[in-house]
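Labels run A, B and C following the written order; every chain starts at residue 1.
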């Protein structure tokens, strides 16, 4: 009798643990794994800073894909970002990809804006219309130096 | 090549053991006849426990040979060691019962962990061993719930359940009153006859040992200074033997001397 | 001059200790093949480490989540990024807090109990008795515990993390007013497969590490030259808890450095 009681409590514990693992996997699954068939498309950015493998690809605020790979194109020093998107999503050839930020200091993600063409992108094709990340630091830097320059200019005019 | 005569269950030749350079056993020679009760007597600190632990392969001797059933025991060889342990049981002075297991689980453990037998057979044999030692009413008890004598019986049940050919007893009567000492020796003698194992007992209780054993030996300062039958032991004039045997008389003499000097 | 002797002796002792511990663990894994009726022993070891320790894991998990939610909220709200609370809570829990705190709690409850139990079994000659019966004492006493730890530590960590998520949502969204949808979607977006891998690799590694250290200390409690008897058991239990806790944190740093 003692043994069966022990086995029962162990069974409960193991099942609880497995339930917790399943829950976590589902959490992650909805987050980072794409359910269903996918295909790859490429997009070329002048600056892919802040983007990393696994970053979200959103269309109208809905996650439709992930960043698969980021590499440098030696011929023109641009960044080639490979996106894995759901097969159910058919993108017009003139769609646009832009790198955006969640909030002021949040994660970078790729936002897709569908175009109006009648033809659709095939797997492996490249999005040409892109918008690079807004470099917050250089923006702030410009502002700061700009003000210094302004002061200098004011001093010089005096 | 010397051959062991087959009537010895255990033979010890030139056994030496020293701890930190201090010799405990020096050239111990002994032969335990098959199917007998053999008692090694000796004062405390004579190296009796160390001797027994060398035999049980718990302590590695520095030199010497131990022959079990005619074949030599070597410390390094795991197969021969396991073979020896399968055929030999060791009864600890402290019983060394598993305090987290019940009486039945204690007895079943050596079978469960060393023998390839079905669970039902293990249960049957364990219950049988407990029944033979009149412990069947305490199957579900934990060792801590049993009295000292019952713990000893439980330890013996665990020792005999594997049907050993040789059982080593380390001070089985230590700390027991004379009646219990008698009971323990009676138990050993009874089951030795019933199961036919060879018993090697280490103790310092002279009178009980002399009555119960077939042969006795005296271990003093790391060497065997007497070996023979109990009758020979009683008749011996060897100084160490007589000192040890007639300790009560010696006490009487020294007390008498104290009383005289008091006057 | 005496300082050099002291330093030399300590170094030698440390090397000897590490070697002895490695030998012990290696022996235990070799004994795996010789273990008999292992499943029942593993079940009772899972009970020792799992069921018995579950309440502590649940309580500590909830409170860790609560505190992370509270502290995280106040820091993030300075930048107006309360929306990232889920990211902060989930990543801290999955990557670090979950495996480490669960392991520390299990060391405190199951590891110390294991060291004390084995220490007393050594003291009362139960371990030697096993050997005289021809039972492999490593196989009987240590192997089931190690195998159970491989299973139990990841399970406990998963429970800890899930409960911690709920704790974070409790303090973050119920008490402090972050929208619960924002919190949970941040949790979902933040945790990636890589983080989960890190989490469970850590948990399993901590399990083997801490349980083997605790078992080693208890199993060889008679090797302490400084203490005998009951004192030796207390010394080895203390050492088991201290050494395994320290080494879990060291291992945490090393494993994390592989993943960053």
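Side notes on the structure shown:
Here is the rule we use: a contact is a pair of C-beta atoms (placed from the backbone, for glycine too) under 8 Å apart; a residue touches a chain by one contact, two chains touch by 3 or more.
Small disclaimer: the values here were computed from a predicted structure and weren't measured.
Common neighbours of subunit B and subunit C under the contact rule above are absent. Each chain gets a centre from its C-alpha atoms; the one nearest the centre of all protein C-alpha atoms is C.
In this assembly, the chain whose C-alpha centre lies farthest from subunit A is B. Each chain gets one centre point, the mean of its Cα atoms, and the points for subunit B and subunit C are 44 Å apart.
If each chain is reduced to the centroid of its CA atoms, subunit A and subunit C end up 35 Å from each other. Separating the CA-averaged centres of subunit A and subunit B is a span of 77 Å. Within the complex formed with subunit A, the subunit C residues making contact are 40, 43-44, 46-47, 50-51, 54, 79-81, 83-84, 87, 94, 151-152, 154-156, 158-159, 161-162, 165, 187-196. Contact residues of subunit C toward subunit B in the complex are 36-37, 117, 121, 124-126, 128-136, 140. Of all residues in subunit A, those touching subunit C in their complex are 3, 6-7, 9-10, 12-14, 16-18, 20-21, 23-25, 27-28, 30-33, 54, 56, 63, 102-107.
Interface residues of subunit B facing subunit C in the complex, by the touch rule stated above, are 56-58, 82, 85-86, 88-90, 92, 94, 96-100, 109-110, 112-114, 162.
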